[in-house]
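Multiple structures follow.
Next, two complexes with chain A in common: one pairs it with chain B, the other with chain C.
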Partner chain A sequence: MHALAATWWTVLRISLEERLVYRGDFALSTLMRFLPIVTQIFLWAAVFSATTKTEIAGYRYEEFVAYYLLTMITRAFSSMPGLASGIARDIRDGTVKKYLIQPIDMLGFLLAYRIAHKLVYYVVALGPFALVFFLCRGFFDGWPAPHMMAAYVASLVMAFLLGFFLEATIGMIGFWFLEVSSLLFVYMLFNFFFSGHMFPIDMLPGIWGELVRMLPLQYLAYFPSAVFLGKVTGVELARGLLVQLGWVVFFIVTSRLAFHFGVRRYSGYGG
Partner chain B sequence: MAHIEIQNLSKSYRVYQKKEGLAASFGGLFRRRYRTVEAVRGIDLEVEQGEFVAFLGPNGAGKTTTLKLLSGVITPTGGTARVLGHVPWKRENAYRRRFALVMGQKNQLWWDLPAAESFRLHQHIYRIEPERFDRTRDELTDLLGVRHLLSQPVRELSLGERMKMELIAALLHSPDVLFLDEPTIGLDVIAQYNIQRFLRHYQQVRKITILLTSHYMKDVAALCRRVVVIASGRIIYDGSLSGIVDRFGGHKVISLQFTSGQIPADLARYGEVLSEVAPRARLRVARNLVPEVLAGLLARHVVEDVTVEDPPLEEVIAEMFSSAEKPTVSQLGQVPELLEEE
Partner chain C sequence: MHAHPSYFRVFLTFARNSLVRDMTFRGNFLIDTFSSMSWVFMNLGFYVLIFHYTPMIGAGSGWGKYQFFLFLATTLLVNSLVQMFFMINVDEFSELIRTGSLDFALLKPIDTQFVISLQRIQWSSLGNFALGLTLIGYSLFQVGALPGPTQVVLYPLYVACGVAILYSLMIGLAATSVWLVRNQSLFDFWFYITNFSRYPMEIYRGTFGTPLRWFFSFIIPVLVVVNVPARLLARPLYPESAADWGLPVFTLFATLASLLVSRWVFNRALLSYRSASS
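On to the complex of A and B.
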């Protein structure tokens, strides 16, 4: 147990060091994250100024802005840039051999690497995020109650795990199809629309709304933000958290199975 | 004790066959033709502890596939293998902590970080005791003369320096079996020599078992007493390096220096003339005809100096490879079956 913890710590530490090599790139990509949200805010400002309604699909203008700001935080946990494509590339060019030869678990290693990646990101992004939220504090109705805050943090952590294991599973498709980039594109598109990144998914009417609520994607953006805003409470909140946990477990198992069967199929491409 | 035991090991791959052109690419969307490539076709081999064995063979002969099978990266189509008592493709950690694979064309070190960091990670992955780790690392870096480069990012090292670091990373956990796949590929003569010298020293001191593939005969001649030649997935020779020349070198080279300063006009009747720059000439003569040819030459011409030598090793091996390849070329229609699948 101690040896495992020491390995994790070393992977984490080395990953941190690696991330810090490219400081400039990192700082720039962090700042760029704030650009899309500005356009969203302007868009909804225009929509509300063109109508006499104070609410659209149950959201006031302030709530829309708050929602997008919160979604940005959720995405900072759940988005996994380069994870699936990286796994697929490692399979194609043979780097995956490393995990077969050395006594190390690929998913565990990548998870530690990703946690390090995220930690560096939070440290760099904390300042800009704090500033933006301070400037936009007027859009929020204050902090949620402590138990709601706890639920929010839990849903964020699970959003991270779900994002990781879901993308890892997609990357492992590379064992069967050497090229997964178009598949990834489709996934990204779905993710953008149905995770709540583009708009709150409870805006979707009828059957579409029903369908999207059955997908795991909403837990990557919509759900944690909705918890913070108090849109999901009581039994619904408990059920939401349980379903999210269920999806996390599902993708942990699926990614493990995909690795197990993928390796069997793998025949050592790339010399 | 045998460290490596291989019985009737075979591995075949299925590769997608695509004809040239756009039409064929569209066709491939619906109907794909696959070809079965038999990379390894029933190999038997036993390697004792402490042996340093070279795998020779032309590209695509099955050398790397064999190393991949023995390191558990791929699963065989048939046959069995045991390394240190383990079945490699079960990938047990107990086995993975006792061997290492170094591929000259792949790197395992973290590109943007100093090698020291990758070594530290290996310490934990392989669960090496801290004192032992420090000792081994210092010993290896001193032997290879790279201690001063430990804190330099790997991407800033030369190819030779990087290869040394790769070797160190592979040896930190003191493996009992080491697989080396072309460890000196692309290196200059000095770097090659340094790595050879290191490997020889390390192997003699530690008595570990090493399987090496290389296209550099100098590596093989310097390091390995035993040579296994693989061609078209089969072992065609297993013995000493000099034995290859005896068995496959069908010719000898006779070098002559004529006293007259003139080269006889009828020299070609004794054998194939390799070079003639008066007063010297070199002749290629079938091994069994050497005594007869020599006697004839010495009887008819006044010769100041004469030597009879084996042809260069590279030449013998090239000859052996091409003679081993020939039967498969003629069987091409039958051996790699063309399978069609929807």
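On to the complex of A and C.
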């Protein structure tokens, strides 16, 4: 147990140091990531100006802007740049065998590495995020109630875990198909549009909305933001959190199984 | 033996080589084509959704559903042309600087900017180009307006201007990697800047919007890239006010200025280039 904790601590420390090397570049690119929101603010102002409605799909103009800003936070938790493609690359070029001969668990290592990267990201990104949210405070009605805040934090943590294990599972498909880049592209495309990153999924009418709500993707962007804005409450909130937890467990198990059966097929190319 | 190489023939060779290369990996070519097209369809879906809730983008702006589709189609045409001719090349340019392989381009008896910019043609972007043309046809049919002779002549001209402005911005930014070496955020920067060009300029208004519109029209002219040709089709050039004439005239000037400035930056960058490795 102690050895495991020491391993985790070492991985965490190495990753922290690695990540802090380019902190200037990092803070700048974080700030720039908010630029598309500027155009979204103007776009939605223009959309609302042409209609007599004060609400679209249950969202006022201010709520739309607040939604996009909150999605940035959710994505900071759930997005895993390079995870799936990294796993697939390790499988293809044979690097994955280091996990097979060293007493270290691949998923555990990657998780610790990712947590460290995210922690550094939050420390560096806190400044730019605080600045943007302070400037945009007029779009928010105020803080949610304490129990809603707790639910929000829980959904964010689960968004991180879901993002990690979902992408890890996709990366492991590399054991069966060596090249997964086009598959990843399709995943990214779906993720962008159906996770709620591009628009609140409440906007989707009829069967489309129902279909998208059945996917786990909504928990990667839409759900936490909607919880913060008070769009999901009571029984619906409890059910949402449970379903999210269910998806997390599902993908933990699936990624484990994929790794277990994957390494049996694996034939270790490369030097 | 010609003293000057025939640029057109060199370009044709580039185009043929790229086509041969693309056709060698036919499966990959098809996947590239369809994946970028599916991105367009998703984006189109987003706007169909928006017009499900509003009749127009911007009160009184004239950008109704099909007018806006003409705008989207124009964005698609400009971007697919930029992707087809310049995107991979400019992307590789900063890599050439970093690795020192730019030496090989410098040694060739032909203009360096020409070789750098057009070496590889991405034929798979043709899919998006065709999609753009189809969308224009469909939207014009829905609007019920046939383009007049002025539009038929001026629209391609202004699309070309848009391509030239975006290209200038891209090559100019990439050239700065001579001084900065690591320029990943710069490319992101290009993406974020051009993001402003994807919407009708009427949406930028108010205390922050007006200066923003001004800045992106006259200082970094990305707003005229799509707006001017798209307006030409969607809201035919009625000389309602001086501004309606001013912008197209300004666009010609902006195109020329962008090309000249980026050429200057490119040449300055080459002067500062010191080869890497041996």
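To be clear about the criterion, the second predicted complex is superposed on the first by the 267 of 271 C-alpha atoms of A that agree within 3 Å, B and C clash if a C-alpha of one lies under 4 Å from a C-alpha of the other, contacts with A are read in each partner's own complex, and residues count from 1 in each chain.
Quick note on the criterion: a residue touches a chain if its C-beta (ideal position, glycine included) is under 8 Å from a C-beta of that chain, and two chains touch if they have at least 3 such contacts.
This structure is a prediction, so every number in the text was calculated from the model and none was measured.
Student: Using the superposition on chain A, decide if chain B and chain C clash or fit.
Tutor: Aligned through their shared chain, the two binders fit side by side on chain A.
Student: Between chain B and chain C, which one contacts more residues of chain A in the superposed model?
Tutor: Touched residues of chain A are more numerous for C.
Student: Touch check for A:236: first (chain B), second (chain C), both, or neither?
Tutor: Touch partners of A:236: none, neither chain B nor chain C.
Student: Just to be sure I read the superposition right, which of the two partners does A:57 touch: chain B = first, chain C = second, or both, or neither?
Tutor: In the superposition, A:57 contacts chain C only.
Student: What is the C-alpha-centre angle with chain A at the apex and chain B, chain C at the ends, nearest 10 degrees?
Tutor: 90
Student: Give one of first, second, both or neither to describe whether A:210 is in contact with chain B, with chain C, with both, or with none.
Tutor: The answer is neither, since A:210 touches no partner chain.
Student: First (chain B), second (chain C), both or neither: which does A:182 touch?
Tutor: The second partner, chain C, only.
Student: In whole Å, what is the nearest CA distance you get between chain B and chain C after the fit?
Tutor: 5
Student: Taking the contacts chain A makes with chain B in one complex and with chain C in the other, which residues are shared?
Tutor: none
Student: In the complex formed with chain B, which residues of chain A make contact?
Tutor: Chain A residues touching chain B: 3, 6-7, 10-11, 14, 17-18, 21-22, 94-95, 97-98, 100-104, 264, 266-268, 271.
Student: Which bits of chain A are touching chain C when the two form their complex?
Tutor: That would be residues 25, 28-29, 32, 35-36, 38-39, 42-43, 45-51, 53, 56-57, 182, 185-186, 189, 192-193, 198-199, 203-205 of chain A.
Student: Sort out for me which residues of chain B touch chain A in the complex.
Tutor: Touching chain A from chain B are residues 13, 64-65, 68, 71-75, 91, 93, 96-97, 100-101, 103, 105-106, 108, 110, 112-113, 117-118, 120-121, 123-127, 153.
Student: Using the touch definition from the top, list the residues of chain C that touch chain A in their complex.
Tutor: 31, 35, 38-39, 42, 45-46, 49-50, 52-61, 182, 184-185, 188-189, 192, 195-196, 198-200, 202-206, 209, 212
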